[in-house]
Amino acid sequence: MLDCASMKVNIEDYVKAALKEDITSEDITTNAIVSPTKEGLAQLICKQTGVVAGLDIFAFVFQLIDSTARFETEYKDGDFIQRGTIVGTIYGNVRALLTCERTALNFLQRMSGIATYTNECVQVMKPYKTKLLDTRKTTPNMRIFEKYAVKVGGGNNHRYNLSDGILIKDNHIAAAGSISEAVRLTKEYAPFVRKIEVEAETLEMVDEAIEAGADIIMLDNMSNEILKKSVDRIGDKAKTECSGNVTKERLKELCEIGVDYISSGALTHSAPILDFSLKNLKNLN
Amino acid sequence: MLDCASMKVNIEDYVKAALKEDITSEDITTNAIVSPTKEGLAQLICKQTGVVAGLDIFAFVFQLIDSTARFETEYKDGDFIQRGTIVGTIYGNVRALLTCERTALNFLQRMSGIATYTNECVQVMKPYKTKLLDTRKTTPNMRIFEKYAVKVGGGNNHRYNLSDGILIKDNHIAAAGSISEAVRLTKEYAPFVRKIEVEAETLEMVDEAIEAGADIIMLDNMSNEILKKSVDRIGDKAKTECSGNVTKERLKELCEIGVDYISSGALTHSAPILDFSLKNLKNLN
Amino acid sequence: MLDCASMKVNIEDYVKAALKEDITSEDITTNAIVSPTKEGLAQLICKQTGVVAGLDIFAFVFQLIDSTARFETEYKDGDFIQRGTIVGTIYGNVRALLTCERTALNFLQRMSGIATYTNECVQVMKPYKTKLLDTRKTTPNMRIFEKYAVKVGGGNNHRYNLSDGILIKDNHIAAAGSISEAVRLTKEYAPFVRKIEVEAETLEMVDEAIEAGADIIMLDNMSNEILKKSVDRIGDKAKTECSGNVTKERLKELCEIGVDYISSGALTHSAPILDFSLKNLKNLN
Amino acid sequence: MLDCASMKVNIEDYVKAALKEDITSEDITTNAIVSPTKEGLAQLICKQTGVVAGLDIFAFVFQLIDSTARFETEYKDGDFIQRGTIVGTIYGNVRALLTCERTALNFLQRMSGIATYTNECVQVMKPYKTKLLDTRKTTPNMRIFEKYAVKVGGGNNHRYNLSDGILIKDNHIAAAGSISEAVRLTKEYAPFVRKIEVEAETLEMVDEAIEAGADIIMLDNMSNEILKKSVDRIGDKAKTECSGNVTKERLKELCEIGVDYISSGALTHSAPILDFSLKNLKNLN
Amino acid sequence: MLDCASMKVNIEDYVKAALKEDITSEDITTNAIVSPTKEGLAQLICKQTGVVAGLDIFAFVFQLIDSTARFETEYKDGDFIQRGTIVGTIYGNVRALLTCERTALNFLQRMSGIATYTNECVQVMKPYKTKLLDTRKTTPNMRIFEKYAVKVGGGNNHRYNLSDGILIKDNHIAAAGSISEAVRLTKEYAPFVRKIEVEAETLEMVDEAIEAGADIIMLDNMSNEILKKSVDRIGDKAKTECSGNVTKERLKELCEIGVDYISSGALTHSAPILDFSLKNLKNLN
Amino acid sequence: MLDCASMKVNIEDYVKAALKEDITSEDITTNAIVSPTKEGLAQLICKQTGVVAGLDIFAFVFQLIDSTARFETEYKDGDFIQRGTIVGTIYGNVRALLTCERTALNFLQRMSGIATYTNECVQVMKPYKTKLLDTRKTTPNMRIFEKYAVKVGGGNNHRYNLSDGILIKDNHIAAAGSISEAVRLTKEYAPFVRKIEVEAETLEMVDEAIEAGADIIMLDNMSNEILKKSVDRIGDKAKTECSGNVTKERLKELCEIGVDYISSGALTHSAPILDFSLKNLKNLN
């Protein structure tokens, strides 16, 4: 469940903006057909099997427009739901039900798609100690929803953004001249609280990162063989994170190599949606 | 190319919000490593073959932070680009290059993913008169980018939102009691400029929609057989749009049935990204 | 009644902005005089005879500041009210009543002024088939209120803005080179949902617009004679809209010529207000 | 000329909001017809004789979208312009010219309408010492433009809003119990900088206001006879302001009675627009 | 107590922004530890003796996140509270209590610090007629809170900002060429409602200000001797305000010289906070 | 120097809001006196000896209103400046100079006050390994400026906000039941990147924190004796941070005890400003 502070401080504005995107002046079709005082209900149907995420957001969209709207459901975020399930019933002003339908579903289908895809990866990794991480490869202005969906699916969050973690990547190393100089500069600049992660693409870079005192070494785009050598060489001197070309198929091999973390951009940038629809609207007055 | 008015009036705010999402206080890593007056360049590399969309947005992200940044490229939106191509070079303040990299790529990869997927569909449909349409099943707060990407890929835009078109769907018909009543109410409510589209799921509903004077009839979730009968029955009395279960595989069959339009939510909600990266950063001072 | 979605998504922000415009730090006079816990009532008096529009907005202004405020009235938008009528009573925190008074009246008086003027025109046009339309000549940042007031007064809305309709005007024709080229380009650019309207100032332009396949032809600034010829020539080939120099006095003549629509900028840009005041404040505790 | 600080701090946001109101996604007509790199010009024509106000705002609308746009004119705010005059030429990107045309004109026509109407009043009052004031009866979210237009027309501004002046009106007196108590409370609450104005509707109230030490007494809705007696009774003890039923016709009489100020809501709430149009668009490349 | 209009129109946005500043994605510590449905309480403890200001703001921070939160207290703004006092108890969702704690305290401690410091000055000035004023030397984006705290502490507010008062300072005089020219220009520009204040640093400037007809003369950075001469010379011709080098120590001397007002920037820019903490959190379910 | 991304993404909005706070409609005094096209200069004078911080922000305030304004100075943030120094000269539109003066100084004086106070602490601590940290006890909506000023003064930043670090405080421990449970829950919730800090007030709590595996232990409100014992007991098992009752006087003792970090809320919440003024305005045309 998303917390009350995020709901008010961050999410309300995104939801309102999404509704504005869909309503310039008014919902002409609905306003033409439905009287303003009509109350009713509609059912949320799951049209694909998967892990649901975003039920609170789904309900919140309607409640932003009709503060008396309520969503009744026996399910919660993280539940695995079969295709065809009636997930719940939304009650409220009929104009609000019709006008908010698509925006509410757009959030839910995307978040559930990410949770479902993440969960498929997590299932593969279950026998291993390796943990699955997301990345900053999220859809613009959707990060808070997408990172939450990764957690619902059983994954873990890497840093949220550029301000809450240090990750020295290839272009930073190019700018600094060397890994050791980059690490030295970041330690000097931000001596407190943060762990320092360094991206390495070769064994030489791995050695340099160890030497420089990185807390975490990201092993990027390596073959399984080089990856294995890197993990062995690093040992307890740092945590290891594997990234690049992480397909669902390759997950098992990577886990067996023994990296601590695998990070995958695909969780947020390429998961297809999980399909839902709102059906069976009934007037109640 | 996105127009100057949209850039200022709509897109600037989204881009700024996306950067804010990625920068709470500062980009710690970059600011630790790079001096504020360092100038440089980096190359945009295409890592998958497909249709590029969003090059102006890509450049705009950097320019919002460094007004002197410039992007040199021989490509334009809609071009088909091979994996491994150096798409262009971005010049500017090195801090800006590093800080904006991910946000710029997040826009570009998503927009190009949609354009590429759309274009694959459009290629299938080329021999036929049927036109491809998008839907309102877009990512929240990304509609302006995603609908534009559909056009870049060769598709066409259905209505932009609830305020600029009338589309009477199943739940509206339920609310109104019948198709004819729903059509009557919308004609009375909005007598000017707009065409009226009605969703029909059966032949009976098709007949009722024709009778009611719909301008466009959306044939939703029909078997090919019923679809064919519907199209024949409608003839010139209305335009026909087919939606629901529209997979790339089924496109050819649908075109052969002779519908005027096919609308596909997958264009915007389930296209995987097209991968790009920013590489080879070089300091220039 | 304005719908709940517009209230939340669009109108709340405008009303809050209007209150901000009137309150930099605080309402000094009121706060000096009235204790923060004082409850009371005041009466809304109509000071000119006309059609009321905006009663929900009037109440909403007070409710935004005092969520317990309530407005009791027997009237609704569209009612014809005589000068001197007590339209209703607003109850709430006395500070809120005094502080919001002017902003609430500013919305109400302007919206009612537009509804009244529109209604005077509509009365003249009643015996005819011709429908009255508004334009985009609205006060900046007041369009949603002003277009709603036109409907309350019995008029109809032309397109809401530049994004939900195609209207090829003189400067567009100049840019395109000819009417036929302009129509061709818009059909190609936006093949779905929209009707295409073309402005014509001469019979030659009317002919060209018919030829190009315009759905609606706007007959702009024509003499009655040329207007009549244009309407005859167009027949059933397109809808006709008359605009330019549309005074209340000339309405009857235009209707008799048989145009389908008359559009008038004066409805929104030059209607004088309908005067209201808030009187007889009483403390209730 | 509006000052640079207001332009940036207040006006830019209103202008951007007005453009957003007119552009949801894009200007379809213009984008269909005009290539993004086309440059051109168009002429601003005055269609009614009057006082122009808002030329900087007119130009600013275009410049917000096209930063290279420029407006060439020999006129400035406050000039009296004859019907048919070519007021100036706007140069810039043709898409920007067409897309911004209506918004730019909507500001200009309303501001010039107010300046013209104000000036007509000011002309009548010229032989007298009495000064003309505006009120807070402005269009919501247009106050900064409308109060400026009053000054351009030769009028003066009363307080800007509830926070920068003290004006004790009928409902405040009702809340406080008496004029003297209301004045006492406001003096205690805000002892510095501000003058205190009190509304009086009868001679008794005038006496009480003088007694209480009001700096300005607003003589509201009085007959000429009572007004005259009030002015005589007040003498030098306070400034006098006359309000209520102030028609252009009655101005002369009021001035002759010798009030210091006349305030008129009609200046901002009921002035008809001054008509302008943008014509003769020419492509320059 | 801050009024309801300011709370909604101005303060809500600042409080929300302050919470956003403290929460990018979520309060990780709290969300990890506390279940979303946990209810509880915590005590507000005063850790330094002084005058409390901002209790409504303190409570409002929690209520913005948890609309059911309530703050029980026997104290009100302006009360003098001893170190160690339990000021009150806040009840609500435990996540909200923990997440909002610091932001709520940051407002309260700063506002109470200003009220306490102001009150110390006011105590010194009590035997005299001289009134204490604040200035515009406030913390950016905190003016509404800081000026309110000055009043709670017993001080008075000078003008709120540049738009609600005229104060001709040294640089204005330099720009105008002379005091008399500056006064003439401001009287011409803004003939209504406002008093005109002029800054003077020498006896010559005092004379010129009197001559020009200033309503208030600010005696800036003068020695006690010159100050005395100025006050004598001005007599009843204008109000006098003393500013510059106003330390708590010097207040008594300044009062004895007989100036009408003393303004002190230190009230808002250099008062140390009054320390509070939130303690003894208890779960209630 | 503040980086270009923060300037655009975060700081511009705060500066614009601060200017709006100071300008409701216009700067009446300035606009009355100065013609809109007047160019000029003014000198920035330091009126107290200390460390300057915020020179870029100072200049940026003017540049936001007058894009051609430029600030010439030989100093940079962090420089120690003597009372009476002419810090630099600001050139630009005279209206902009006068209107922005106070807002620009309000930022500069506060930031420099913090830098100066921080630097005084840092000087005391120089002989020791202990590093000085700030806290989240910042002025609402000023954190980005205040944390930057701490760095300019030679201090270091603790976590920026609730989302980028884990700090388990007394109320969290109360909510969780014990330190070990609290640590366990946070490790489970956020397994990646973050270090975990725990607040301890007694030796028992210190032991429990060590046992639980805290990365940093905050020793809160301890006597020097207990503090010493805690530091000894912790040894290399965690980093140590001392907080509570940290006065400038006590800094030396704390350093000698050997804690790794000292955090001080006073840096941001109670530092008095460093006084600057803008003087000697000269017209240049």
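The letters A, B, C, D, E and F name the chains in turn, as written, and every chain counts its residues from 1.
Everything below uses one rule, namely that a contact is a pair of C-beta atoms (placed from the backbone, for glycine too) under 8 Å apart; a residue touches a chain by one contact, two chains touch by 3 or more.
Since the model is a prediction, treat every value here as computed from it, not as a measurement.
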Checklist entry - Could you give the fewest steps needed to travel from subunit A to subunit D through chains in contact? => result 2
Checklist entry - What chains do subunit B and subunit E have as common neighbours? => result A, C, D, F
Next on the checklist: Same or different interface residues for subunit D and subunit E, judged by whether over half of the residue numbers are used by both?
Outcome noted: same
Checklist entry - Farthest chain from subunit F, comparing Cα centres? => result C
Checklist entry - C-D or B-C: which has the larger count of contacting C-beta pairs? => result C-D
Checklist entry - Roughly how many whole angstrom separate the Cα centroids of subunit A and subunit F? => result 33
Checklist outcome for this item: Whole-Å distance, C-alpha centre of subunit E to that of subunit F, is 21
Checklist outcome for this item: Rounded to the nearest Å, the gap separating the Cα centres of subunit C and subunit F is 51
Checklist entry - Distance-wise, how many Å sit between the C-alpha centres of subunit A and subunit E, to the nearest whole number? => result 44
Item to check | Numbers and ranges of subunit F residues touching at least 2 other chains | outcome: 23-27, 30-31, 99, 143-144, 160-161, 163-165, 190, 194
Checklist entry - Can you name every pair of chains that touch? => result A-B, A-C, A-E, A-F, B-C, B-D, B-F, C-D, C-E, D-E, D-F, E-F
Item to check | Residues of subunit A that touch subunit F when the two form their complex | outcome: 131, 133, 156-160, 163-165, 190-195, 197, 216, 261
Checklist outcome for this item: Residue set of subunit D touching subunit B in the complex reads 16, 19-20, 23-27, 30-31, 36, 64-66, 93, 95-96, 99-100
Checklist outcome for this item: Listed in rising order, the residues of subunit C that touch subunit A in the complex are 1, 3-6, 8-10, 143-144, 147, 160-161, 163-164
Item to check | Contact set on subunit C toward subunit D in their complex | outcome: 14-15, 17-18, 21-34, 38, 40, 42, 94, 97-99, 101-103, 105-107, 109-110, 113, 136-145, 161-172, 174-176, 182, 185-186, 188-190, 194, 266, 269-270, 272-273, 278-283
